Structures are given as C-alpha cells and as structure tokens.
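We call the chains A, B, C and D, going by the order they appear; numbering starts again at 1 in every chain.
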C-alpha cells in the first residue's frame, strides 16, 4: 500500500541547542520512499550522517525561539505483516556477525534479568517464531497498553513491575524476553497506518529463520501499513530527536498517516 | 542557493536485468536535500543499501520493455566554492584512516604511473592547495574538454595520451596526478548549475589542510551550484547505474538544474 | 614500558555451548602488540570477526568437559597516563560522528538519570577535563572499591544506591555521570600493571579536547601500564566472554602482568 | 595443518618515510592464528587500524638507515582446498550487498574490457564454479607463470598482451575475467606451503553458491596450506607495504613456511 506519512514537531528553544534528529525514512527491504520533504523552520545548516545501525541522522543547532521540524513522505509498504508460525530458532553459532549485538542487554532491555520469566512464558512452544509469538501474546494479555500516558522511557524491568506502558515500553519488555532466550531482537520506531490514537509508534523485530519478523503487542492483530524510521537496540539508539544541554520539550507534535494512490509509476 | 535538480533516464530492456542505481542525493556537510521524488516506471520492488563509500544505492530488476528512472530534488547548496590558496599539504602520517584509500591507484586513475609528470606540472608550487590548483590549470590548458563526445570511460593514462576528454576523464587525470603527489583525491558525480550543455557532471575533490576541496578543470572559474550524488575512488565506484548481463544503453537522458526560491523555511 | 600479559580461564562445560570471546589485544594508538599466543584446550574451530566498536571477537562452540582459554601477549604501552588539567569540553556540535553514540545511555550507564547529581559533583569546575577529574575523585572518595566482592554486573543507579563496587561498577557510574554532562565516555576492559589483587581490570575514558583520556577511580594516582583489550559503551559491549544457553561459570581464572625487557627491536 | 609462516623485509631508508604495512594475519573462517610475533628494527611507534576490506594495517614512519620488519606466526589452516564442481552462479540480485563491489573493475582488473574473451573461454560451461575453473585452467595453459621475473604490478590487459606474469598478474587476469561474467572475485595475498620458489604469494577467490572459493592458476593442482594476509579488489588494495614519498625498495626479503606440530591444544 502507498501511504503519506507526516510528522511536525515544534519546540520553544531558550538558548542555541544541539540536536540530533532521526526522522528521515530509509528505503530498504520492506519499504520504498518515493518522495520526501523535510523542512526546518527557521532554516539552519544541517549535516547528515549514518549511525552505526544504518540510520540517517541530522545534526543541527536549533536557534532560540520557536523551532519546527516537519517531514512528510510518500512511501510504499507492505499490505500485510509476514508471519511464519513454526519458523525455527537460529542457533547462536549460525547467526550473522552483524546480528549478534542484538542479543546483548541494552539500556532499556535488561535481558540478563529475564531468563526464568521468558522460559516460563514460552513453555511448550517450538523454538523460534512461536516463542516470540507467545511473548507478544503474553504482553498483550498482561501489560496494559496505555498510549500517551507517559513519555519518560522506562526499562523492561520497570515496565514489568508497573504492568503498563506505552508502545515503546511493551516493545522493550518483549525485546528483553526474546534476548534472554538467545533470540536477537531490536526496536523499530516509525509510523503505523490506522494507529489509534495516531502518533509515532514503536514495535519490535526478532531474528528468526534467517530474517527479521515484525511483532507488535499493542495491536490485536498484525495488519500491514508499518513504515520504519529507525532501528536500534532500544529507544536509547533510536530517539526521534536527541538534544543536548538543558532539556527542551516539544510544544506540539502532529503525526499523520494517510492512504494515497500510487502516482509514482505513472 | 536553492536548486531543483532532475534526471530522467529511459532504457529499452530486452530481458529482466539487475540494476544498481546511485541516484539518490545524500545530505551532508555541503548540501541539504529538502525534498526528493524518485519514480520508476513501471514500478518494481527496490531494495536500498549504503555502499562502502557511504553512497545510497538502489537494487532492482528492470522488467522487459521500456523502463524509466526519474528523480528530482530540491536542494540547498553553496553559492560559491571554497578556495584556499596556500592551504598546506597534510603529511601522510597525519591523514585520517578513512582518507588513506584515496591515495591508492584505482581503475581509471593509475596514479602509480604519474609521479614524474605531476612533479613537473607542480614545480615551484607550495605543497598542498597550490599544487592541486596548478594541476587543475594544467588540465584546463592542456586537455581538450569535449562534453558529450564520448561515453566510454577511459583511464588517466589513456586521457593523457589522447589529450581530450569529457568531464569524468579530466577528473580522472587530475585525481591520478594528485595521488601521485600523496594528496588524497576522489571523484564526485552530480549536478552543476549553469553547466553547458546541461548533463550529469563529474569533478574531483582533494584532501588538503584537513578537509576536502572542490576542483573542476572543465569550468573557467569555480562558481557555486555543485550538487553531489556520489563519491568514490573513480567512475568505477560511482556509476549512476550499473547493470549486469547483456549491456543495456539509455535511450534518452534528460537532466535539468533550475534555480528555485527557498520555500522550505516558510 | 614492555609488559607480558596473560589470562587463562577454565570452564566446565556440560553441553556444547556457543561462546563469543573478546580476548585478543588490538594494537592501536596507545599500545603495540609485539607478540601474542592464543590457545584453546581442547582445540576447536574458531571464527574471528570485528564488532561494531572495532574489537576482535572469536566465535566458537565449547565442547562438553573441561575447556580452557589461554592468551598471553608481549605489549608495549605507555609509562604514564596522559593528563590534561584544564583541557576543554568539546561542544556536542563539534564531536566526530563516531563519538556521538558514547553520549547515549546504555545498559549499565543510565546517564538519563544523573543530570542533577553530575552537576552537583562538578560545581565550580571548568568544563571538560576538570569535570571528569572531579567525578573520578568523587568516586574514589565516595564509592567503596571492593575488588573481587561481586561478579554480577550492576548498573550505575544500583552502584550509586549500594555505594560500593568492583572496578567495572565504579567505571559505570563514572561514565553515566560524564554522559549526563554531554561528555562522551566509554568503558575499557584490559590489564593494569601492578594492580592489587591482580585480575582483569576495567576503567573508563572520556572524550575531551579532541581525544580520549584515561580515568580510573580505583587507583590512588594514575600511573602507566594500562593495556586495553576492548572498548564499548559499557560492560554489555565488552564482555571478555559471552556464552549462550544455560549459564557457564569459570572454574579458574589466572591473570598476570609482568614487566619484561624489550626484545622486539633487537 | 599447522604452519609457521615468517616474513622479514629490510629497507634502506634515506629520509623519514611514512609506511602502511599489511602484514598481520587475520583469523577468520578459514584460518586460526594461534601465535604471532611482529618486530620492527629499530622499534618505532606504530598505530594500527582496520581498512575498508577488514585488513589490519599498521601505520608508522620509518627512520633513516636500515629498517627491518619481521613477522612470524603459527597458524592453523585447511589441509585441502574446498572445490565444488557444478556449484551454481549466484544471480546478481541475490548477492549480499558487501560482495557487490567485487563485481566492479579496479586498478589492475579492467573487467569492463574482457566480456567477449571470458565468454569464449567459458563456452559450454555450467554457470558458476565450472566457469571459474575453466578460467583457471585457461590461465594455467596460456599465461606463462614466471615467478620472480618482475615486481612492477601490471594490469590484466597488460598481462593478457604479454602472456606471462607473476602470481599476482595471473590472478588479476583471472579476476577480470570472472567479473566480466558477473562473478564477484577478489585478490588474496598470503603464504602457500610448498610454494617453489618460496615467496609471498597471491591467488584469487570467486563468490559462488553463497561463499568464496579459492583458485590459483600457478599450481598444477590445488592442495591445502594457504594462509591469507589480506583481501582486496586487487593488488592496489592489498599491498604488503605502501610507502609514501620517494620510492623505497626492499633490500632483502626472506619468506618461510614450515609445517609444525600442533602445540596449541596441549
């Protein structure tokens, strides 16, 4: 399906503030960015680089006063999410080198603390896809999904204690559980068509049978319409924006995802 | 200045043909891509990756029949080319690791064969920027610039023998001469505002005094308006398209660069 | 000074177990590995790769029974630790791209939780080296260094709560405090000549005035004799060994560092 | 088999000369370096980095006077060379991203000039391994292997014209022929047990059926005992040493490969 995604964030900046933005979509195996428009208001010099996870990042200094970042894109993505019940676990010795770092604990995914719990949740499941599906179902049934209730990132341990979270929190717990079973897992930040309430979204992917599969405990069933912005070990790696110096909070954030016709092959 | 660049290439494909395209602009230190639109007609699945030089590359299989690739972008680039007479040579031991490979000979820049000639052209020049400027002037004075006369890449040795070339050929000879003096040099492919006749363009950069500087022997004087598409050791690394299997030639290629107003900060 | 370092670790393996070892020394800016010997007993196939931080990692499957890993090296390292009182803070906008990820919170360094505390510890200090030196002094004065008391990694928040730790724990807290001040910081695992009791060691580095400086809160004063094995955001990235499947603990670990004569230039 | 490899090169240096050495063996899929000793006489500061092909490179400045580089290693390598008659060609669209650059022409492998010739040599062969084997046989039968006759690198076109070459030259022509058939190919520099006369050696690898296979037109039949030092597109990428400034030639070079007993698992 063809989607038009857009996100506009405005800040009120007190003093010149260095930002690293991660808002430009990447084309890749799963999606094709046919057009993109990126505005900064006011316009400032920007320098773009690729981080160690392959994400395109923009460095700039936001000037004092109102500062807006607006990006929109027309992107082709899949109508459905690939699912593969029974797809087998990849033994650690056969994982590609580049996937190994997704087995390690990270800031918000303390996988070193979840071994027993992950075994208990996945008891009786076939190793691989079915284990992760059991984790996703367990999250859906157990952890209250409360979109918008919080914006302070908390870790998997904390989410498990308080038993509720935003999309990112559920994903962090899912990732920690996967990794504790030696299944590589990573966080994806992006857009989801039809998400209610509409906002930027986060879900997770697990590496099974030689490729990454999508999981999302916030949705009753997985439909298509996912558009990825960035990939990383957890939210520390894929912040839509990092700013340095005194904290700066967004004043407004407007996110939209619409279905569009394919005008790009005409 | 703000420019709208566009390039449309059409092919007549006989059998399904794998292509690697390198047409997407990168934002970077020197330019900012505010919007971009990329069309394939007919639409086919595309997979994008980053090559070892940081260029964004698109892999696809072109289907039999007419096949068109069209990309346009609004991009901010510098009004003028930085020049730095007297900027000093960087001794090899102080070059960053990532720059060293631009000292080596490559397919079209046989720098191992130009030591004497480069010394002769740059006799009396201060080491660094002034040497490269002398090379650029020598190219301008000596090698006939004949845009459009040829599209088969030839190497620096061949260009030096036949004494004429397209933009890419002059750049290859310039690069070979720089490298033979232990000055890192690389090819840039992109657009140039005001180029006559309008076409895709190639120029070269040399690493002097800690940064890359632009050189272009095809222009009487360096003005701004350069927009980079890709960087590499020479044209073998930065082909706008590589196709595999029986050769496929473009039927039409339409390249445009217009001055536009800045609408991106409003 | 020239040092001979050695480390031998033995395991009792119940079932075939995938390991990733990070024990091979890297030569680099600060040290030169003149010779190295690496034994696995029994011998098994090993595959070596470079991780995203540049560390050399060895993948293998340990067979059931006793399994020993022994590595020794002759390495030249500095007689003293570079110190630079007054060296200035690098504003985030001037940091190299590759250093930015060392500003982010990580598994054991929750820098997002230490802003106030870091400001309080460094009040009145000049921005840069002196801030980090104040952090190192504060750690030395405040957090009990209890080598060998624990081998379960705990995070900076936990270390700060319990007020004691092993070398790694003190470093994690130091790193978290630096990052919360926008100073890039990373963990180093390696050897230290004269360490008492002798063991593998961990310290931290902070990026100041364009380079990395060494800090170590476990030592009353910084002398030379540091030999690095691996670098990373924290101990999750630079485990000397990671094993997958049921946990496997070392039975014995023998670490040695001796002063040797330079025989390598004769 | 276990081999002890050694190489000692001495230079007579007139003025301080920057060198980049590539002499340290890498452990990898095919070989395991159990011990290594690396001497520089006189001893000078060395800085090591990893190049874009994954090779370990050492940067240093050689001081005036006699300068010797000596490296020896105990390494386990395969007793035989894997061969796979009939192994299929990988269509370009299925090649991993990282392999694509080995399809492009390079300094000494002008694959853009060998399409017809490669087709003629491989007529009737099954696509893939058998094509490369036919190229290797053709080289063996056609191009005179004259070890030690020359040390100036020449390109595949030049080798094909003069019809003789050293090991590197035969490999360059083999690589150019493979790439012109859309088979990725790369140069390997290293040691070969039993090579006569003993010297550093070069051979080539082609990517077939999902992995790299070894080919060597200088040997009547492929036995084991290959030890790789470096990989690259051609000899421009994998020079054992690159020096900058006025040329410096080795005075002596002593290369040895002996069979040793396995002492590393005792």
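Note that in this section contacts are C-beta pairs under 8 Å (C-beta built on N, C-alpha and C of every residue); 3 or more make two chains touch, one makes a residue touch a chain.
Everything numeric in this text was worked out from a predicted model, so none of it was measured.
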item: Chain whose mean Cα position lies farthest from chain C; value: B
item: Whole-Å separation of chain centres (CA-atom averages), chain B against chain D; value: 30
item: Centroid spacing, where centroids are CA-atom means, of chain B and chain C in whole angstrom; value: 43
item: Rounded Å distance, chain C centre to chain D centre (Cα mean); value: 36
item: Per-residue overlap in chain A, given as positions that touch at least 2 other chains; value: 49
item: Chain-level touch network, classified as line, ring, star, complete or other; value: ring
item: All chain pairs that touch each other; value: A-B, A-C, B-D, C-D
item: Chain C-facing residues of chain A, complex; value: 18, 20, 49, 51-52, 59, 61, 91-93, 97, 100-101, 103-107, 109-110, 112, 153, 182, 236-237, 242, 244-245
item: For the chain D and chain C complex, residues of the former touching the latter; value: 24, 26-29, 32-43, 45-50, 54, 56, 58, 76, 262, 264-266
